[in-house]
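In structure tokens below, several structures.
Look for subunit A in each of the two complexes below; its partner is subunit B in the first and subunit C in the second.
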Partner chain A sequence: MATRLMFENSCEVGVFSKLTNAFCLVAIGGSESFYSTFEAELADVIPVVKTSIGGNRIIGRLCVGNKNGLLLPHTTTDQELQHLRNSLPDQVVVQRIEERLSALGNCIACNDHVALAHTDLDRETEEIIADVLGVEVFRQTIAGNILVGSYCSFSNRGGLVHPHTSIEDLDELSTLLQVPLVAGTVNRGSEVIGAGLTVNDWTAFCGSDTTATELSVIESVFKLREAQPNAVVDEMRKSLIDSYV
Partner chain B sequence: MESSLKQKLFVCLLKGVVQADFVFFDPKPDDFHGVKILLQTYLDDTQWDLSGFVDLILAQTTVGTVVKIEGDDDDTPFAIVTALNLGRYKDHKCIKELKEFLLKVCQEKDVIRDLRLLMGEQAHDVGLLVSQRVVNLPPQLLPPLHDALFDEVSWATEDEPTAELRNSFRFKCYLLVSKIYKHKNANQKNNRNLIRRSGSDGGDGIVYIKPEDENFHKLSLWSFSFPMHTQQVETQEANYCLMGFVMAVETAKISTFRQQLQSLVVES
Partner chain C sequence: MAQDAGMFTVPQTVGSVLCCKCGIPMAPNAANMCVACLRSEVDITEGLQKHVIISHCPECDCYLQPPRTWIKAQLESKELLTFCVKRLKNLNRVRLVNAEFIWTEPHSKRIKVKLKVQKEVLNGAILEQSYVVEYVQQDHMCDSCSRVQANPDQWVAAVQLRQHVTHRRTFFYLEQLILKHDAAARAIRITQMDQGIDFFFGNRSHAVKFVEFVGKVAPVRSRHDKQLVSHDPKSNNFNYKYTFSVEISPICREDLICLPPKVAVSLGNLGPLVICMKVTNSIALLDPFTLRHCFLDADQYWRSSFKSLLTSRQLVEYIVLDVEVVSSEVNVGGSKYVLADAQVARVSDFGKNDTIFSIRTHLGHLLNPGDYALGYDLYSANNNDMELDKYKGLVLPETILIKKSYEEKRLRKRSKPRSWKLKSLDMEVDDSKGRTDQEKMNKEYEEFLRDLEENPELRFNISLYRNKDYQPSEMASVTDGEDVPSVPLDELLADLDLKSDDGEGDDSMRE
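Then we have the complex of A and B:
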């Protein structure tokens, strides 16, 4: 199921959070209801960790991760690094990298197997991504945009890309990523998919401006309707849906 | 979006002066995202039905102006100006939340009575004047922008299809929600939020983010300020803090305001 919410008055949920199959990061500040919405959906299954990166709240755009690891920009402070290492499961390798393009979340999009990267990313960074995140890295553009992390979002089950992506590009990307892809929008026509939503294999969070049509596309392409991480979570979700939508 | 912004900046650095033709448009549904960004901090960091508020503004095409740049591919709004009848829209969630917010932040006993009256019994005579813009919008645009607004209001009193709609634009008073920078020491006087309307400029320790607010303030029936949680960009003056600012201006004073605005821009 996809949940709609806001961070303060912003619908850019993907800016203030980062969701993977093994953990969820949420920005400090904003209201408690932002954090508690994630907690309510995820608490029993994966840890929800409040953090900042380099003192910033835009954590979703600064870091990139999956079930194997989390990559942080060089602006991350030692305390933040330690806090994340302490709070995340042991199998998640947390690493801070020296990359000039420090908004890693804007430059890289990934799931547990494949990653799409900004064309100007360092060779070294590409190797670290492959190593730490355990993925195959492809340098790509999306509808002519180099900020692949901003204009697409994909899980192990499906993906959503910039609305102006051509059919040929869609097919090519779909073959590379080995998941079905759909060109669409979030938050009432916003093309910045990565900023507007955050998703993993069983749930998604998007801004409250997202229309019912966009929501149904999201639930369909990410296969959220059939998704059941375990029976307990499913039970919990049913009783919570009324209060969000 | 990023690449065209970069191009504009590059041109700016090369030549120092950028030629821009601004165009005034009626609000339309496509302006949703741009206008929403402009109104992001309208009620401080309160979570309210901002999307509903933007929808309301864009639905009112007879009164309201969106300022854009000619030939801009992005179609980005640079400014929005409109007047919403508080009585006409009183049942909308966003208006209810706005009224609640203003009553909550008003700390002054004398003013709160007037505020409650204005938003309650007298709401059908009150226009919420919404005016938000990018920080660097050229001041030369302000007189035509305000003329456009007040002219549209007066045309609406004649052109709207129903009598009810025509009457809804016969505002007796405008309510404005804005922002100012106030000198920290100004608060240490007797009344915490009372703003002393002195004759000399700057004597009251207030820096007006929007220059026309000073004129509105001088002509206002009453006003009050309240502390804000959102912080603007780092100010050079560490002694000033950002505050919300609410004013009520009678329609009778508007023609004076329009005249003053013309001379304000000529001076600067």
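Then we have the complex of A and C:
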């Protein structure tokens, strides 16, 4: 189910929040309505955590994560790091990395299995990503843009990329990511998908300016219509129970 | 290139996305909206004028461009389109791609222009939109038309052209020159006066331009003056009437001149008796006995303004009895002359008495025994010239021949119509003095036409037109001896015949 919302009069929801299958990070906003929307949707399924990174509210663009881990830039303060470690479930490894390109959310896009990385990312960072997030890393560009995290957004079910992506590129990416991809827009024709939209396997949040057409595209490509949160989380819980025993 | 380096480049085909508003598949663009949605979203013609009022003068078909310029333009012409587009404010916000007229009824006083503009909208998408601007035409007489209406004879500048001689040859020639160069196109009125012509203009600069033109073609001196007509004390506007008095030198072609001693000395002791060969903006003088020539320009002439001794009115016909060439051909300023000794007798004397003159003449290249020539009869002339008296001991020749005469042959031709004709200026003739003699004028005009026929260099500056009434004569080939000089056909210009308005074309075809 896709929800439309606004953060302090801005439609760039993906800038101020980070949604994965295991947790959700939300920026500290002036009004509580942003947080309450996420909470209403996700509270009983995954933890929704209010945070800042390095004192900034643009947390969606600074960090990257999936159900296995969360990577933070070197600008994160120790208090924030500790807060996150405390609030998130134990199986989510929270790691701060030293990387010149500190806007990790712009440089890396990932789901639970595959990640696309900025072409100029350090070798060590790539290894850390593969290690912490448990994903296979591919250096790619999207429609000629190197900021893959900004111009695409994908979950385990599907993905949405920059509208100017050519058909050959789309096929190539789709093969790499092993998910169906569609070129489209969000927030009334905006090409910056990663900033306008945040998605996981059963729900998505996008800016209020998103038109009905765009919303229907999002819902169809991410397969949100029939998705039930419980089914996905139950799978995760099963593995948890196993470990106790 | 990447291909040359051996790199494999993937062919890129552009995919299609759904329009974010209406959902139809389209190629992605900067706004990611289909054109229809974009148009409905953004109106780039917002804030642009759609309705403008322009002033139009019904008399002269001009449009007002404030504050004071009136632009002449036809309906649906390029000038009108430029004017209409200029009248639109705020058009610099958008880029104008195309402008064209939409047809409206000519009497509806509405002009419709369709403009196509481009502007950048949203994130870099350029949108093109066309819209219609309607101009309402309000009638308002322009300043010049209202002035003409108020007082049709009103002129602002007048040029009074005068030459103090007894004939009008110079003015006939000047008239043709003015017609050829269109110098009097801006004159509102032209009046023929005694010893001259008056030109009236609506603007001082037109008059100045005309005076300069005359100064280039004739040796003139001029002075000007102005008279206050009205004065607006609040805005300090003064309206004047300007008058230019232009005097042409009285020296004409074929005149016999006795140079004042000072002038003769300054020209290198040119013999006091000289003939004037050509008058343009400088006077060409030729000494017929030494074949020396010189030029006097307007300033030099007016400093020592001398008059001619004898003018072409006083030419007498002679018959040439014998010619003996003395010197070889000399090229004087473009024309050839040969010094010769000749024996001539006046036609009036010929057969009656034996008065024969032996003279020296410069026309040795033209004359043969038995020819007729025109010259000045100094033998029987009674000269009352102060300059002549200054020369003590000057021996005057008896006769100075000026040109060859074709009178006999002309009589034989019996006034057949010429193959060419001239146009004339639209002049009012001032009959108030009552001294115009129509017959005299006709005779002078006929002589002027003959002059044109005989002198190709005179024709150089004039446009001659083919005479439609002329038929070449059937008995053409019977010629004995020389033919009367006539204008070769290829020098004539054909008249432009506009069948839509008056049959006799008023416009001329320029080469």
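Throughout what follows, the second predicted complex is superposed on the first by the 229 of 245 C-alpha atoms of A that agree within 3 Å, B and C clash if a C-alpha of one lies under 4 Å from a C-alpha of the other, contacts with A are read in each partner's own complex, and residues count from 1 in each chain.
Just so we're on the same page, a residue touches a chain if its C-beta (ideal position, glycine included) is under 8 Å from a C-beta of that chain, and two chains touch if they have at least 3 such contacts.
Remember, predicted model here, so these are calculated numbers, not experimental data.
Colleague: Should the pairing of subunit B and subunit C on subunit A count as a clash or a fit in the superposition?
Modeller: With subunit A aligned, subunit B runs into subunit C, so clash.
Colleague: Of the two partner chains, subunit B (first) and subunit C (second), which one does A:E168 touch, if any: first, second, both, or neither?
Modeller: second
Colleague: For A:M6 in the superposed arrangement: first (subunit B), second (subunit C), both or neither?
Modeller: first
Colleague: Considering only the touch criterion stated at the top, classify A:S31 as touching first (subunit B), second (subunit C), both, or neither.
Modeller: Touch partner of A:S31: subunit B, not subunit C.
Colleague: Look at A:R188 in the shared chain and tell me whether it touches subunit B only, subunit C only, both, or neither; answer first, second, both or neither.
Modeller: The answer is both, since A:R188 touches subunit B and subunit C.
Colleague: After the superposition on A, what does A:S208 contact: first (subunit B), second (subunit C), both or neither?
Modeller: first
Colleague: Going by the contact rule set out at the top, does A:V217 touch subunit B (first), subunit C (second), both, or neither?
Modeller: After superposing on A, A:V217 lies in contact with subunit C but is clear of subunit B.
Colleague: Should A:Q82 be classified as contacting the first partner (subunit B), the second (subunit C), both, or neither?
Modeller: It touches nothing on subunit B or subunit C.
Colleague: Name the chain, either subunit B or subunit C, that contacts more residues of subunit A.
Modeller: Subunit A has more residues touched by C than by the other partner.
Colleague: Examine A:L147 and indicate which partner it touches, taking first as subunit B and second as subunit C; both and neither are also allowed.
Modeller: First partner only, subunit B.
Colleague: Counting only touches as set out at the top, which of subunit B and subunit C does A:Q178 meet: first, second, both, neither?
Modeller: A:Q178: touches no partner chain.
Colleague: Looking at subunit A, which of its residues have contacts with both subunit B and subunit C?
Modeller: Touching subunit B and subunit C on subunit A: residues 188-190.
Colleague: Can you list the residues on subunit A that touch subunit B in the complex?
Modeller: It comes out as residues 6, 8-11, 31, 33, 147, 188-190, 208-209.
Colleague: Looking at the complex, which residues from subunit C come into contact with subunit A?
Modeller: It comes out as residues 10-15, 17-23, 28, 31-33, 122-123.
Colleague: Would you tell me which residues of subunit A are touching subunit C in their complex?
Modeller: 163-170, 183-185, 188-191, 211-214, 216-217
Colleague: Provide the residue numbers of subunit B that touch subunit A in the complex, in ascending order.
Modeller: Subunit B reaches subunit A through residues 2, 32-33, 40-41, 45-48, 50-51.
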